[in-house]
Amino acid sequence: MARGFKEKIQQKNSENSGFGDNASGRFIKKNGLPNVSRKGMNIFNRFSWYHTMLDLSTFQFLSYLVIAYILVNIFFAFIYYLIGVEHLTGIDKSNPVNEFIDVFFFSSQTFTTVGYGRIAPVGFTASLVATFEAFLGLLTFAIATGLFYGRFSRPRAYLKFSDIAVIAPFKGISALMFRLAPFKNNSLTDADVIVSAAIEVMEDGSPRSKFYQLKTQLSKINTLALNWTVVHAIDEESPFYGFSEDDFKNTDIEIIVHLRAFDEVFSNTVVQRASYVTREIVYGARFEPMYYPDKQNLSTVLDLDKINDYKKADLPASKEEQQ
Amino acid sequence: MARGFKEKIQQKNSENSGFGDNASGRFIKKNGLPNVSRKGMNIFNRFSWYHTMLDLSTFQFLSYLVIAYILVNIFFAFIYYLIGVEHLTGIDKSNPVNEFIDVFFFSSQTFTTVGYGRIAPVGFTASLVATFEAFLGLLTFAIATGLFYGRFSRPRAYLKFSDIAVIAPFKGISALMFRLAPFKNNSLTDADVIVSAAIEVMEDGSPRSKFYQLKTQLSKINTLALNWTVVHAIDEESPFYGFSEDDFKNTDIEIIVHLRAFDEVFSNTVVQRASYVTREIVYGARFEPMYYPDKQNLSTVLDLDKINDYKKADLPASKEEQQ
Amino acid sequence: MARGFKEKIQQKNSENSGFGDNASGRFIKKNGLPNVSRKGMNIFNRFSWYHTMLDLSTFQFLSYLVIAYILVNIFFAFIYYLIGVEHLTGIDKSNPVNEFIDVFFFSSQTFTTVGYGRIAPVGFTASLVATFEAFLGLLTFAIATGLFYGRFSRPRAYLKFSDIAVIAPFKGISALMFRLAPFKNNSLTDADVIVSAAIEVMEDGSPRSKFYQLKTQLSKINTLALNWTVVHAIDEESPFYGFSEDDFKNTDIEIIVHLRAFDEVFSNTVVQRASYVTREIVYGARFEPMYYPDKQNLSTVLDLDKINDYKKADLPASKEEQQ
Amino acid sequence: MARGFKEKIQQKNSENSGFGDNASGRFIKKNGLPNVSRKGMNIFNRFSWYHTMLDLSTFQFLSYLVIAYILVNIFFAFIYYLIGVEHLTGIDKSNPVNEFIDVFFFSSQTFTTVGYGRIAPVGFTASLVATFEAFLGLLTFAIATGLFYGRFSRPRAYLKFSDIAVIAPFKGISALMFRLAPFKNNSLTDADVIVSAAIEVMEDGSPRSKFYQLKTQLSKINTLALNWTVVHAIDEESPFYGFSEDDFKNTDIEIIVHLRAFDEVFSNTVVQRASYVTREIVYGARFEPMYYPDKQNLSTVLDLDKINDYKKADLPASKEEQQ
């Protein structure tokens, strides 16, 4: 594959993709993140724990909080146990297990600052540890407050991209099309999109990825409330000009999409990336409409389940085939 | 209605409105949001609960918090009751109702971490549930803290738009005008406005909405402290050029306004949208001034109640009428 | 004053100041806010309590918090007192004053969720009020947390402007100059400035303020770490071209400055405004340097106390005087 | 050093660096901040304590919190002790030390609102102080919450710059190169870089720093996931055109780098600065690659430890040497 395409492609490739021409695999993973791993440096310096906490799913995040809470209380329970249960009032001293259970609950009552007082510290050491634990508890909840806020106030575009791109008929020629739609009750305006293609070509006998900017019919729309079908016409200025169905099937292509919009609730710019590789491009197809007037004809309904719906469509003969 | 207007309109329509040409009803609702509903996908994925929480009125938001607080305590009261009131000290065991009331208050004293200790858990199960409830309580208040902050730090423009737009005399021709004013003690600078019109025209026998960019006399002002009257002169470049009073009354028109400004307190861009449909456009009227010097002549007073005040005004004969 | 200046000024005035031409007093107050007051609408709608809370001084803000705390506790103390002190354990019932004091402290122990338990509610009504008060307490501190964060994370430029502007000699002609310097340990980059002048001229027999954009030698600097002297050369394109010392003294002038910069700590754009009226413009003066190398010649020292230091300087004869 | 270079440099210097031409030492410190100190004004006005808190290391920040906690409790312990231990229940009155220890722990139990109740205030004065301390405790943790959130939500670029810049062969001429790479799991897009050089030249017999904008091959890249080698070709338009190895070694040069990118997690612009002085520029060297395909050829690996790796490289003869 990828033999001789460089000669076919007449558009000048762009060099500011930020990716090298000999990188491996797809450039942008299906989740929108670059397909790059890092090594070197101290591993603790390589991770931003805040970014990590924000990327966890809600279930993972809450689980970690609960586990941390239990571990902290077990830790402090051991300390109180070592200090001696006689320095805590109200402990059930019938057997060591009950003693440990009671210091565990004393710890949790201290950490959460609920402090019923049925169990309370007496004497210097136990009081000092409790003093420190209550302080730690409050700091922990201060941090948790920040993490919760950071998680749910994190601006996100909430856009659903079609799983596939299509090569569809368009104004007498072919066009590469994909579409996207906002799927939550957020409100996006001033959306713009940058589309580029990484195409593997042979250069000096070895395969190299070249990046090309793809022109789109509209690169900006005012209100992103319905779906947006992004259209790249395959005309003379397109790197895909003259590509046959086989060319599309046998070349390593990756369409990289970078979308920016303004979210009115966050009053912030949000970005989302998507990418389509060779096997995700359907040749000779046309998207079906995904919005329609509601029954009272007073509003428009956007049906998100139709985002991947397409039907087969004949493409106009390509220039090469015509010859 | 709307027959034959396409021929009248000479300006090229724009295609980046983001709305389809066969959408129904008004495009932008009176509250500034797009008139679109969504279906498909799992309904829980379709809503951002954070956006929803931020869009609630203060009264709704506080009510939900109180209701959630009561429900959580009833839930935990049931659990403590099932575990058995003998595992809590200080319960009034005179009758089951009193028992339930006391476990309910024990629950609330745990959830809020007030923990008086008059009622306190004894034994493993009750202590464990209390341990978890206090933890849940703190997390809940961490989330509430984030929601409160998210709600009141949410950047908003606080602009009042006039309820109506007018077609007023302007430099020998007519102009479409509407106005807006900041109504709170925020401070806006660098305001710019984008105005477009959706006009329903007949195309191939069926009505279609076409979008036109409307040029404004000023599209940017430095300090938005007084009212701003946005003026679109109806000259040769306007899609409304040649429209008679009847044309304005009988055509489905929607003027869509998109305003952006920089809020100095939030140090953030804020946006606000407005829209005027056919019945909200007054033909032959002129806005009355809404600010004047104060009595000491040292400051300017902006009277917000006058924002919709206008008086009748004769328009110059339109080109067509002149002919 | 202000007679006939319109003829003198050849620059076209700009219309996007956002201020009217018959506004009164200075346009921008010395604190950088527009000199506009509002009336009309419900007064509660006219104020953003969040903006108000952020504009309070630290002392005012803390005082309001303390006062609110005391009032809330007095309010709840009354309620507990009305319910009856027999529904609270541990109350000192020696006399009504002591009773009230004890319910007051019980209220504060509930509101802050400290809940020692020496005084604790017994029975339905008192427990219910306490349940609600603890909840209210936590919500209040959730709101206070948001306000504290909103207050200290509010992006601000922390720029000190010189109290006066000067008309100084500059490259053979005169120039209007003022200067500004960052005074805190924040770090500003990409600063740009927009300077305009409001000049009162006679038009149709009545005084009107006209706005003129003033060109500056540099309108953008990369790093705002030292002072920045903004220079407007009074050449043919300046509205002040040909102004004599008397013209500067007898005309109502207001120089309006709008500065934007990027704060690296907040990662946000910050803005600050300043204004200079006629009496704050010193004719024939030159600013003295305000930074110098440190003793070890390894760093630069910026002396903020010198920001207003100037010395008298002869100006080149103006064009008119030359004639 | 620095004699006569002005004649050599043909590019016009730029004046909007924001630095003076007689400043001392390097302009940008190795940590990216300007090398400027301030004096004058009240010292408390010169510091933004919030900026200071955000700049502390995590260890310093936590240490300050712990120290403040201990000091506050010692302070309140003294007050309770002066009021008299008889106004607190449950105090161990065996000796003054034990008394003080117990009031200290009572203070901490109040400040954290844990309030076990084993020690509780009785009477007006002690109760009033405790009321105030609990309130202060909650406000303190409200502030701490804000500081924690401010610290970890502070947008930062997390970019590692190479410690050295190199003068490397590039397309037949020489080029100044340095590189940078993201080292954390954040995701940067739309990166742009502004590079300028401060060169000390003799002017009127005294050394002066002149600033020159340096053109780069790419000034913008779309996705900053791998390393970015910034290249300034030393052609006719470069201020370094004609510089020999000795010129590079004997001139006071400072390369100032200002990088901006968009962080997708923070949805915010982040900036980072770097600077290279004469001794940090290696003449005749070429950076070694720092990324390569992984073993499965499915992803790209970025090795951060190689960021400073270079090997010697011959430079093409400079124009002057050729002559």
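Residue numbering begins at 1 within each chain, and the chains themselves are lettered A, B, C and D in the order written.
In this section, a contact is a pair of C-beta atoms (placed from the backbone, for glycine too) under 8 Å apart; a residue touches a chain by one contact, two chains touch by 3 or more.
Protein names from UniProt, one per chain: A, B, C, D = Inward rectifier potassium channel Irk.
Small disclaimer: the values here were computed from a predicted structure and weren't measured.
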{"item": "Same or different contact residues where subunit B meets its copy subunit A, judged by the half mark", "value": "different"}
{"item": "Chain pair among C-D, A-C or B-D whose interface repeats that of A-D, sharing over half of the contact pairs by residue number", "value": "C-D"}
{"item": "Separation of mean Cα positions, subunit D and subunit B [Å, integer]", "value": "39"}
{"item": "Where subunit B and subunit C are represented by their mean Cα positions, the distance between them in whole Å", "value": "28"}
{"item": "Sequence positions of subunit B contacting 2 or more other chains", "value": "109, 113-117, 145, 149, 268"}
{"item": "Subunit D to subunit B touching residues, read off their complex", "value": "113, 115-117, 145"}
{"item": "Of subunit D, residues touching subunit C in the complex", "value": "15-20, 22-25, 27-28, 33-41, 45-48, 50-52, 54-55, 89, 109-110, 113-117, 120-122, 124, 127-128, 130-131, 134-135, 137-139, 142-143, 145-146, 149-150, 154-155, 194, 196, 258, 266, 268-271, 273"}
{"item": "Residues of subunit B touching subunit C in the complex", "value": "65-66, 69, 73, 92, 101, 105, 108-109, 112-118, 141, 144-145, 148-149, 152-153, 158, 160, 183-187, 189, 191, 218, 220-226, 228, 262, 264-265, 267-268, 291, 293-294, 297-306"}
